[in-house]
Every structure is written in structure tokens, then in C-alpha cells.
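Both complexes below contain chain A, partnered by chain B and then by chain C.
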Partner chain A sequence: MGSEFVMFSLTPMLIGVFASVACALPGNFLILRRQALIGDAISHVVLPGIVVAFLLTGVVAALPMLLGAAGAAVLAVILIEAIKRLGRIEPGAAMGVTFTTLFAGGVLLLEQSDTSSVHLDVEHALMGNLESLVWLRATDWSSLMDPWALAGLPEELPRIAVVCFAVILLTLVFWRWLKISTFDEGFAQALGLPVGMIGMGLVITAAVAAVAAFDAVGSIIVIAMFICPPAAARLMTNGLERQVLWSVLFAVVSAVAGYVLAGYGPLWLGAEDAVSAAGMIATVSGAILALACLFGPHRSRVGAQAEA
Partner chain B sequence: MTDTPVTLAATDGRAARLPQKSDAPLALRGLTVSYGEKPAIFSVDATFPAAQMTAIIGPNGAGKSTLLKAALGVIPRLSGEVTSFGEPIDTARARIAYVPQRASVDWDFPTTVIDVVMMGLYRQVGLLGRFTGRLKSRALACLDRVGMGGFADRQIGQLSGGQQQRVFLARALAQDADLYLLDEPFAGVDAATERAIIEVLKSLKAEGKAVVCVHHDLATVRDYFDHVFMINVRKIAEGPVDTTFTSEALNATYGGRLAATHIDQLRLAEGA
Partner chain C sequence: MTPLIEALLLQAGYNAALVAVGATLLGFAAGAAGTFLFLRKRALVSDAVAHATLPGVGLAFIIMVSFGGDGRNLLGLLLGSAVTAGIGLLAVEWMARRTRLAEDAAIGAVLSVFFGFGIVILTVIQTMGSGRQAGLESFLLGSTAGMLFQDAVVIAVGGSLAVLATWIMRRPMTLVAFDAEYAAANGVNVPAVDRLMMGLVMAVTVIGLKIVGLILIVALLIIPPVTARFWTERSNAVIWYAGALGGLSGYLGAALSASAPDLPTGPIIVLVSATLFLVSLLFAPVRGLAAAVLRHRRFQRRVHRRQGLLALSRSEPIHDELTLRVLRAEALIRADGVATETGRAQAAKIARDERRWDVAREIHQDTGLTGRYDGLTPIEQVFAPDEIAEFDRRIGGPRAVAGGV
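After this line comes the complex of A and B, so read on.
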């Protein structure tokens, strides 16, 4: 059991956890700023960027893909601003138009180009390939101390782990800036805080988390993790500090439970094959949000009665 | 030359005859702000004096809130110069407390009353400093001063409008500033809150601090304020309430939108 778990389940599970936490943390602030769609937008626009990077380089390698995705994200931000200003359209609609158009463009590019030889297709873009990120050099838990085995870890794992810890660190260091400017931007500006840079930094952090997670787990998890754990966490508490801790807990639970359910759930139900882990993780996060909506202690809008 | 706000501001005569460099808590020179093509405030000069309470009055859309926000850099200014205590606004921020309109924030935000007040202590603790017990008791003292001492751990969404306004004032008190800029502090609050706020503001004045309020209720201008600044995109009048708050100035500010009977009920200054 131990060796099989380490070889086939440990790394996908860890990657799922890191990806979920990296997205859920900035998601807390994006939701409170009414910018939750930005995460959605970013996770869609990385597709054309990655396809273009592949067409230019001819390989599916980490660096060109990340650069392509980053380029597409920047292009999307510019497009959103341009549509907002030139078209005088509200921000949500501008984002919706931009990310669906770019994603659709990415799908067309993908179909037209010859990617049959590599692992790059629409399904991969949506679902990632979590189940395939196994650790074949592992024999059992002792492999964690074995340099040769550790060198064989899927390259996605250290990448997403670094991004996840960077996001945690940034959240801790800039906590007060994030909190004050999210609650009361005018006051933050009057204090002299760099409000514009804080907002931009948050979006860039979310973009980096989305791109790193997209590579490993696909866009479905990214979209779900930006919104579901923080939204469910908001219903559990009335304090921002506790909300963020709850969101991390929910992200971890979604990743672990989703992975296990995808692998074994169908067997328990008598079905033959496992289902997509990414899809199941997103589904679990949605189920947690639904439960929080029904049973969360702070699910009523507390401000409602005070308005009278 | 086209009449864009920029060119007008540059050539407008009002901007030219400027007061000398001012040491006033807040001084504006030729301040112009525009939303799109239309100027929201145009070439405004103003001096807000120390140890006085100043009301900024004018009709809706006259640029009252815009004036405060542009002075603080919350919204960008097209032209003009802002000084505070003789320094550029950016170096004087530690001496300025700003109370935005209550409706400008989401009161459903997950935080408590004491947390909001402690945001006013940001300059003491910085990004990573620790909130010492001394700072926390200072925040509690500020809550006491606005009569909200028992509400420290309350979720902000559970407060009434008046209580929310008092929490905002407590946050400004925590900043221990010399200039207090308040955007409609009496809008939509109960009578008890209005009394509590005016008491605090008067005590600030007694300590020599400058208090500037965007104010809507013309009936209370005489009771509450010493100084008045009247604006309708351009400055109409500024000076002591006793000599400046006249029916002529009101008519010029509100463009005949005030009924004559309404003006009669205000205890106005005699026309000079």
C-alpha cells in the first residue's frame, strides 16, 4: 500500500494541494474586491499563449509555455482595459468578452496546428494531466530521502511548490496593505499606500499562480480554486484572518478528497474506470461551497438588518 | 486654442493671482479635476485654516467630495498645487486624517470594529510591525471617545449607519493628525450620532486642529462651523461664516435652486 501510494498518488496529490492553495490565497482578495472573474479570465487566456509558444518553439517545455502564458495574460489585461475605455463597457463584460474570445482563439489555433505528436490538446488544457504526474522512481516512503529518486520527481511538483510558497510569503508580507486597500481604497490612498501597485501586484500574483497551476492541473481547477474555497470560507467566519485560513483548509480538503474520490469513488459505485481528478477536485470544492451556503454560520448578509 | 480644462486652467486669470506660499493646514491653488471632457472642479484656490471648523458646501455634483479626494490624491488632478502645513501633500500625509463617505466601502467586509480603528495606526506599525498593547489601548480609547467603547469586537456589518460613521471617525482619531478631512460625516446618521460627532470635532478644534467637512445641511452651518467654503465647480466664496454665509453667496452657489423661503429660515450673515 505504502509504496503504491508514494509512487502513484503522493505527487499528484501534492501538486493538487499546492495548486489549490496558490490559487485560493489571492482568490480571497479578488473576491472581496469584486474581481473574482480575473482569475477566470487569466486561466482561459493562458491557452492561446501556450499554443503560440509551442508553435514558435516546437516543444512543450516549461519556460516557453510560461512566457507565452504570461504574454497572453498581459495582452488580455491590455485588451480588457481597452474595451472598457473605448467601448465604455462595464468591467465584468469586458473581461467576459476578452477571455472567451482568446480561449476560443486558442482552441482554433490548437486544432489548426499539428500538435498530434505532443501532449497538447483541448482536454489537457481543461483538465491538466494530474494522474500522469506519478513518481516512478519511488519505491516507498524512504524514497523521500533518496537523491536518485528525488531527482525523478515530476518537474511540475517543485515548480508549483515554489509558486505556492511564494504566494504564501507575499500574502503574509503584504497582509496589511492588502487588507487596508481592499477594505477602503480611498483611505489607503490618503495614507500614501501604493494602491495601484497593490492591485496590480495582486493580479500578477494571481496570474503567476494560474499559469503554474494550469500547466499541471488545467484550467478547471484554477477557476474553481480562485472562487470556491474563499467564498465558502467567507461563510464560515467574519474575520479576514480566519477566512484566509479556512480557504486554505478548504483548498487542501478539495484537492485531497477530490483526488481520492476520482481514483476510488467510481469503483465504490461499481463503475470500472476512475474519473478525472481535476474535475473531481473542482466538484468537491463546489460541494464544499454548497454546504457552506446551507450550513455556514455566517451565511446571512449581516449588514441587511442594520440598513434600516 | 481649444477650451479644454487644461488650457483653460493654464490661462484662467484666477489661477494667476495666487496667495504666497501658505503654511495653512491645507492650501489649494488652481486645482482642476475633470471626469472625461467636463471639469468637475475648475481652477479652485482655497485655504483651510488651523483651529477652525470649515464646511464645504454646494449643490450635488458641485465637486465637494472631488475637492477633498483630489487634494489627497485619491483621484488624479489635472492641474493645480496642493500644500499642507507648507509642505507638498505627499510629505505631510502623517499629519492628515481622511474620513471617506460611509457608503464608499463594503460594510460586509469580514472585519471587526477594533480592526478598522487599528487601520488608523498603520503609520505607527508599518507593514510588518507588531500591534503592541499600548497601540491597542490607544485604539480602544479612540472608540471610547466616539461612544463606541463597547463595540470593539463587533462585526462591522452589524452596525447601524450612525455607528459605522463613528467607527470611521475613531479610525481618523487613531491617526492623531493635525488636519481632519471628513466627507459628509453627518449623511444618514441619527441625531445622537450627529451630536457625538460634533462634540468630538469641536474638541479637536479646541486642541488647535483643523477640521474640514463636506456638508449638506445648510441649517446647521452656523451652529457647527466657523469657516465656510462655497463651491459650484468653481469657487464661489470662502471666509468666516459670519461674513461669508450670505443669501447672495448661497444664490450664486446653488444657482436659484434654493427656495427663497428656505433661505429665509437659515440664519444668514447680513450682506456685507
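After this line comes the complex of A and C, so read on.
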């Protein structure tokens, strides 16, 4: 369990945990604001953003792709609002029109451009590549102290760690604003809070978290982590503070358990190869949500107890 | 352009013709079935259904292979996908009804979890002996290259059945989509109709997997109905407009993608559909942007015309630029701002109607009539000539004054 674990499992697992937490935190507020599917829309439009960034710069580098994806996310939010207002169309349909169109554009651009030399394709975008983010320079736990080995860490790890801590910091700093504007927008407005800015900031934070996570783990985990841990946490408690803590716990458990099950589960069952870690993490988060739906202490709506 | 015209005339080869016919039928079925979903404001449920097909495709493949079959039989794969799509749909409904989670959270949860599980199954298949060539990834974005005749038949028959079912069930589904409570009071079994509606959506999704793939099939269910809504206010018409728009997108998209390399069918169909949407958003006759801007301009001019004429009748100076321009354009005032003959006549009429309205409000307590006063509606449109004559009699003034002069 020593050296092999550090070399092959520690870094992917950490990346999975950071990505999950970074997505789950804004997810709490998105769910309470009934904007859960913004996460879905964002993770779809990340693809065209990244492709455009690649076509403009010609390299697969972190910063341009991050900018491209964040730009696409903001563009998508603006388009959704515009279609909703100008066409007087309900939000769900406006969202559906926007993200499918942008995604289709992204796929077309990808097919049209020569990306065979770089690692950029739709399947990779969906499923990520968590298993390949190994730490080859590590020998055992003592490598954590070895500068030479640390320099060989997969570059996704520091990136997602920074984003994760930034999201945590933002959540803490804007905690009161977020809480007030999420639960009572009118009251927040009366207090003079910039409600529109808070909403937009939340979406942009979610977009940045999605993009950073997407780079490492693929869009499927991103959607799952935006929704499943916060939704399960919502069924566990009535307090926002406790809900957020539950969601972080669920996100960490999903990431670790999902990775372990994907990597070692098939071996226990006698198969030889591992299965997709990203898919398994999403599956585990779904299982947690299912359990919360069945047994969570606050699973029913207030006043609906008698029905069940 | 020749390859495009060939493709449009179904002359670009056997496979391209098959795909074009299949895509047209699929687009029509998706547009018509998606209309009810859109009117019921549940468009994104289809996204959950579409993503939930993936594990079914994988499991069906595994089952068919383990029974010694080929594993790539389209009908079998589609049946499998329908099963998990159905489970996903039930999960969404159960979560939205039984727990405090909103429907959008339930949609997102089912979508991501089922899709993630599907990816797990795909990786399992890749490690199976016969799995390498399974090509199940093509169901993500659709793949029309090398479509078999029997695949086209499956799509054509499925699409036709979906259209037929839509036509048969259009009345109860329209009722439920517009006002579920009224429908329930009328004895319509709302949950059953809802389930049927979702069943239709599921069928279209499953049929569309081969051509547009599970990520983009929602576009065909959502965009054509939204587009059709711009062109008509009648529910029956929306269904067939949406079907026609969807069919057109499918046909044009398939032809376009056949006319040049590197144009994947699914995304092209979606982009054609999105283009039709954009054109409608801008130029549709009543609900379009251009029409709205024109309407606003016309309204603005009417208000300015009236305010200007009122000012003329009271001999007040007019300073507003737009008012002056409107009045000049109709030759109601001269370039130097003095009222012309017609201008004075119109101003007098507006002033007189204003007096008539005052009287009307005194006589009629009925706000249904006097409430229509907005300064722009001519009084002749609200009251009958004899009523207006009565107002004039009460005003009495003009005759006396006219006699005096």
C-alpha cells in the first residue's frame, strides 16, 4: 500500500477530491436558487470555449483554455438571459437552446480543425483522464518531502488545488451576502446588496470551478458534483452551514470511494482492468443521493409528512 | 454547390439518402413530440432522459454478447437504452414528487449519475474481448457513416409511429400542457397523459441516438418547438410547425453533412435548427424582435402625435424633437412649427374627444368601457354613435360657441 499508492493513486485521488469540493460548494447555492442546471449548461459550453481557445492560440495550455472556457460560460449565461427576455421563452427551454447549440458548434469546430496532434477530443472532454494523472517520480511517502519528486507532480494538481481554495475563500468571504440573497432576494435588495452581481459572481465562480475541474476530470464529474452532494446534503439538514459541510463530506467521500472502486473494485470481482474513475465517482455520488432520498432526516417537503 | 444539390435531391449515394430520409422523419417526430414538453415547461426533462440511455446501450451490448450474439444489433441496443431511459425518467419524477428537491436538481442528478454509470459500463466493455470494435462511443454524438438499411428502417418506422401517436393523443396532451388542473377537472387522467408524453419523448430520444447522439438529441426536442412558437399562437399549429421545422432541420442538416467531409451529421442538424431559431427570433411577424421594435416605434409615434396635437389645441409651444418630427412628417405643422389647416382640424378633434371622454367617465361607471381610455384608442371604437351624440349633447358647448361666432 506504500509506494505504489503514492505513485499511482495519491495524486488522482487528491485531484478528484479538490475538483469535487470546488464544484460542490457553489452547487449548494445553485440548488437553493433553482439554478441547478446552470452547471449542466456550463459544462456543455466549456467544450466550444476550449476549442476556440485552442484554435486562437494553437497550443493546449492551461491559461488560454481556462479563459476560453470561462468566456464561453459567461457568453452562455448572457445568451440564455437574452433569449429568455427577448423571445419571452421559459428559462429551461432557453437554456436547452443555448447549450445544445454551443456544444454542437464546439463539436463541429473540433471536427473541422486539425487536433489530431493534441489531446483534445469529445470523449476526453466528457470522461476526463483522472487515471493518467500519476506521480511517476514518487517512490513512497517520503517523496512528499523531496523537492525533485514534488517538481514532477502532475500540473493539474496545483491548479485544481488553487481553484478549490479560491472557491472556499470566496464562499467564506461572501457567505452572508450569498446566504441573504439566496434566501430572500427582496430583502437583500432592500439592504442595498448588489443582488445581480452576486448572482453573476456565483455563476462565474461555478464556471471557473467547472473549467478547472473539467481539465482534470471531465465534464461528467462536474455536473454530478454540482448537484448530487449538495442535493443529498439538502436532505440531511435545514441549516445552510450544516448543509454545506455535509455537501463537502459527500463530495470527498464520492471522490475517494469512487476512485477506489474504479481502480480496485474490478480486481476484487476478479476482472483485470480498472473502469472509468470519473464515471465511478459520479455513480457513487448518485448512490449517496439515492440513500439520502430514501433515509435522509429532512427528505420530505415541510407539511408533506402525512403523504409518505 | 453541386454536391449539396445532389445531397438535397438524395442523389449523393445510397447511405446519404438513407440518412437524409431518416433524419427528416426523426426531426419531424422530435419537433412534434417536443412541443408538448415545451408547452408543459418541462423541456429539460428530455436531457435527463437522453443521458440516461447510455447505461442501457452498454448493458444491452453486454447481454447480447454474453448470449453469443453480435452485440451491435441496433434494435437490441435501442431497447436497452429505452429501459434505462425509463428508469431515469421515473427517478426524476419520484425525486421531484417525494423529496423536497426541485425538478431541476432531480434532472441534473439523474443526468449526471446515469451518464457516469454509462461511462463505467463503456470502460467495462472496452476490456471485454469483443468490445474493442463495439463503437458504442458513436452513440454519444451519433454516427451516420455506414448506416445499414435495417438501421434506417428502424428509424423510419419508429419516427412514423411517434408521429402517429402524437397525432392520436394531441387533444389530451394539449389540454394537459396548457392547464393541467383544468384538464384534471375535465376528467383527463393527467399523470397518465404526462407519462405518455414522456414515453413519446423517450421513444424519439432512443430513435435519435444513432443519428444525432444522446448529447444533442435534446436540441431536436427543444429548438423546433421554441422556434415554432414564434410563428403562431395556436396550439394545434405549433405542433405541426415544430414538426415541419424539425423535419426541415433534419433534411437540410443531413444533406449539408453529406456534401462535404468533416461535417458531422448530428451537430450540423442542430446548427441548422439553431439558425432557423435565430431567424425566427429576429424576424417572426408578431413575436419577433424586428416586429417588436417596429411596434414600439409605431406606438411611440402615436403617443407623440397625440401629445403634439393636444399641445396645438391648447396653443402650447412644442419643444420635443420627436414630436415636431412626427407632426411635420404628417404635414400637421409647417416647418416653422405653426399648425396647418389639417393640423388645427386634427387638434380640435383630439381636444373634443378628450372632452367626450371626460363626460363618458361621468356617465359610465362601467370600467369595462371607460377603462379602455388610454389616450390612443379613438372614442368611436369604444362607444356607439348615439352614445357619443349623447356626450356631445351634455358637453353642449361647441354648438353655442359656433352660434356665437
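Heads up, the rule we're going with is that the second predicted complex is superposed on the first by the 302 of 308 C-alpha atoms of A that agree within 3 Å, B and C clash if a C-alpha of one lies under 4 Å from a C-alpha of the other, contacts with A are read in each partner's own complex, and residues count from 1 in each chain.
To be clear about the criterion, contacts are C-beta pairs under 8 Å (C-beta built on N, C-alpha and C of every residue); 3 or more make two chains touch, one makes a residue touch a chain.
Computed from a prediction, not measured in an experiment: that's the story for all the values here.
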{"item": "Touched partner set for A:L269, first chain B, second chain C, both or neither", "value": "neither"}
{"item": "Partner chain(s) touched by A:G105 [first = chain B, second = chain C, both, neither]", "value": "second"}
{"item": "Comparing the two partners chain B and chain C, which touches a greater set of residues in chain A", "value": "C"}
{"item": "Chain B versus chain C as contact partner of A:V122, first or second or both or neither", "value": "second"}
{"item": "Partner chain(s) touched by A:R234 [first = chain B, second = chain C, both, neither]", "value": "both"}
{"item": "Touched partner set for A:V97, first chain B, second chain C, both or neither", "value": "second"}
{"item": "Chain B versus chain C as contact partner of A:L289, first or second or both or neither", "value": "second"}
{"item": "Partner chain in contact with A:I180 - chain B first, chain C second, else both or neither", "value": "first"}
{"item": "Chain B versus chain C as contact partner of A:A151, first or second or both or neither", "value": "neither"}
{"item": "Overlap of the chain B and chain C footprints on chain A, listed as residue numbers", "value": "234, 301-302"}
{"item": "Chain A contact footprint on chain B (complex, rising order)", "value": "69, 72-74, 90, 93, 96, 98, 100, 104-112, 115-116, 119, 122-123, 125, 127-128, 155, 157-161, 171, 181"}
{"item": "Residue numbers on chain A that touch chain B, as the complex places them", "value": "32, 173-174, 176-177, 179-180, 182-184, 186-187, 189-193, 234, 237-240, 242-243, 301-303, 306-307"}
{"item": "Residue numbers on chain A that touch chain C, as the complex places them", "value": "31, 34-37, 39-40, 44, 83, 86-90, 92-97, 100-101, 103-105, 107-108, 111-112, 122-123, 126-127, 220-221, 223-224, 226-228, 231, 234-235, 262, 266, 271-276, 278-283, 285-286, 289, 293, 296, 298-302, 304, 308"}
{"item": "In the complex, chain C residues that touch chain A", "value": "38, 41-44, 46-47, 94-95, 98-102, 104-105, 107-109, 111-120, 122-124, 126-127, 137, 140-141, 215-216, 218-219, 222-223, 225-226, 229-230, 262-264, 266-268, 270-271, 274, 277, 281, 287, 289"}
